[in-house]
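Below, chain A partners chain B and then partners chain C, in two separate complexes.
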Partner chain A sequence: MSIESEALASRAFAGRLEAVARPLGWALLLLTGVYAWAVASAPVDSVQGEIQKILYVHPPLAYGAYLGFVVTAVGGALYLRSGSENWDRMAIAGAEVGLLFCTLMMITGPIWARGTWGQWWSWDPRLTVTLLLWFIYLAYRMLRAFGEPGPRTARFAAVYGLVGVLLIPLNYFVIQLFGSRGIHPENLERGSLGDGMGWPFLAGNLVLGLGFAFLFLRRWQLENLRAATDAGEL
Partner chain B sequence: MNSYLFWAYAVTAVSLFGYALWLRQERLRRSSGRK
Partner chain C sequence: MKVLFAVLWKDLVCEWRSRDRIVAMGVFALLVVVIFHFALPSGTGSQIADNAPGLLWVAFVFSALLGLGRSFAQEVENDAISALALAPTERGFVFLGKALANFLLIGAVQAMTATAFALVFDLSLSEVALPLAAVTALGTLGIASVGTLIAAMAVRTRYGEVLMPILLLPTLVPILVGAVEGTQGVLSDGALPLAAVQLLVVVDVTYLIVSFLGFEYVLDE
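Up next, the complex of A and B:
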């Protein structure tokens, strides 16, 4: 494919992403209002008090981070298989939005910990593996930001993303592996939330899940526009 | 409102909204053909 037709294809793909991202953005704006109302009207926990409402933002951020890193691995695998740069751009977008969600998860968690455990941080297995996960994707982001653009970096990043994603099941199940030695609460299961807490939790997951999808599509779109303008400059 | 609760939601909302605004600005810049 010539440079001109590559630039045109990237612009056309960015246009297709626009058609999905725009209505999603409007829907998200409306749903954010519903989410705010759900959190405000959720029952106050009898043990922790109001601070327990961080539950409606902290785990959904963790799921968004997981999703971002899975998207990075899938994009990397598809790039290795097909050689299409667009899959590499998808991997870049997934990693960046996943890293943002992971960072916010790493901020909201210690805020909750300080209010309930009385300390910002503990070298608990879940917290330690999460910090490792954050560093792994920070390194991925730095590789893409400062590495020389081209197929060599893209191939290395794809393999790195595929290896890095293996940490997600460990991150999720580390509490079961270490049993009661950790301070972090156990993973949520059906029926483990109190009365009236299921609905705001669902709203949090829906809004932050759609928020992830919106930001990811916009970031992927931007990566295509960058490719188009960079090709146009050559 | 509990101040820890406030900060958890405020940091998340401002960061996600700020990132969305930055993406919008970059998209508009690139759409107009600027590098």
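Up next, the complex of A and C:
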């Protein structure tokens, strides 16, 4: 493909992402209002008090953090297979939004832990795995930042992203086997939430899930526009 | 396969003639051992003996980092790395040669470090030398494989020396857990703990496969 047609293709793809992201953004805005109302009116936990409301933010952030890395690894793998730069741009977007979600999770988690477990941090398996995931995200980001822009850095990042995604189950398995015992609740079963807590929790998952999609699409779009501009089409 | 041995032989000969890396790593590892003495001053004997597995692996990992970081430096100097990429075979074999050379180099430094550690902290490692060497070899195989892959990336990146440990250390966690657990078992009852060995084998195989395949994309002309 010539540089011009590449620029045009990037621009066209950015346009398609725009077409999805814009209505998504409006829907998100509306839903956020509903979500805020649902959380505010949700019943206060009889044991934990107000702080339990972090429930409506914290687990959905965790899903985003893990999803981000899966997107990064898939994007990297497809890039290595096909050599199409658009997959690399997808990986960049996934990693950055995932890093954001992971960071927010690492902030909300200790606040909740301090309030209910009485300490900011414990070397609980899930905490440890997430902390390592966060470090891998940071390392991935630094690899991108320190490498010269171009196919070589894209390939390095793709390989590192794949190593990183392998590490998630590996670390989990290792820490379950040899680490300390967990104090995180096991996977929630249906009905384990108190009355009136299900809806706000669902709303939280929906809003933060859509929020992830929105930010991810926008970031991917930005990367495509940057590519179009770099290729000389203004 | 021929490429594997050619690369391995070349790396070992280069190292034998210059002795750059082995000397640097050895001196560094000894310094780390000395630092332990000052970092844990009150608990002279027993405290260090209790934590010997962890301390040993700290010394092992940091000296390995030093050596791995330089393992592609000589290839970049005269752009020999492009020639390596042109080797008429899968690049994974170049990786295996490099990784094996690193493995042997790190192993030599580890033997020396462990000896010095045992001498200065009055530990008797000689009775358990064989199982200790086995568990160390398993751990080092993993470090050398993923380390060689990441070193090949870091050497072609700005601030590669700084980036190297940041990229590598998170990937070493499963190896460290298994290696420290295994060393602990060896030091306390002289036998290899099965769970740790299984874990190390799983991690080693995973890392060897991923690095073998990934090296194809890391090396380029």
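By definition in this document, the second predicted complex is superposed on the first by the 218 of 234 C-alpha atoms of A that agree within 3 Å, B and C clash if a C-alpha of one lies under 4 Å from a C-alpha of the other, contacts with A are read in each partner's own complex, and residues count from 1 in each chain.
Please note the rule applied: a contact is a pair of C-beta atoms (placed from the backbone, for glycine too) under 8 Å apart; a residue touches a chain by one contact, two chains touch by 3 or more.
What you see is a predicted model, and the numbers here were worked out from it, not measured in a lab.
*Asks:* If you stack the two complexes on chain A, which partner ends up touching A:Glu148: first (chain B), second (chain C), both, or neither?
*Replies:* second
*Asks:* Where does A:Leu162 make contact in the superposed view: on chain B (first), on chain C (second), on both, or on neither?
*Replies:* Touch partner of A:Leu162: chain C, not chain B.
*Asks:* Just chain B (first), just chain C (second), both, or neither: which does A:Arg219 touch?
*Replies:* A:Arg219 sits against chain B, while chain C stays out of touch.
*Asks:* Is A:Gly49 touching anything from chain B or chain C once the two structures are fitted on A? First, second, both or neither.
*Replies:* first
*Asks:* Once chain A of both complexes is superposed, is A:Leu210 in touch with chain B (first), chain C (second), both, or neither?
*Replies:* Touch status of A:Leu210: no partner.
*Asks:* Per the contact definition in the header, classify A:Ile175: touching chain B only (first), chain C only (second), both, or neither.
*Replies:* Touch status of A:Ile175: second partner only.
*Asks:* Go through the superposed model and pick first if A:Val74 touches only chain B, second if only chain C, both, or neither.
*Replies:* It touches nothing on chain B or chain C.
*Asks:* Can you tell me which positions in chain A touch chain B when the two form their complex?
*Replies:* Counting only chain A, the residues touching chain B are 39, 49-51, 53-54, 57-58, 61, 100, 103-104, 107-108, 111-112, 114-115, 211, 214-215, 218-219, 221-222, 225-226, 228-230, 232-233.
*Asks:* Per the contact definition, I'd like the list of chain B residues that touch chain A in the complex.
*Replies:* Counting only chain B, the residues touching chain A are 1-2, 4-5, 7-9, 11-12, 15-16, 19-20, 23-24, 26-27, 30-31, 33-35.
*Asks:* Write out the stretch or stretches of chain C touching chain A in their complex.
*Replies:* So the residues of chain C in touch with chain A come to 146, 149-150, 153, 156-160, 163, 166-167, 169-171, 173-174, 177-178, 181, 195-196, 199, 203, 206, 210, 214, 217-218, 220.
*Asks:* Which of the residues in chain A end up touching chain C in this complex?
*Replies:* 80, 132, 135-136, 138-139, 142-143, 146-148, 152-153, 155-156, 158-160, 162-164, 166-167, 170-171, 174-175, 177-179
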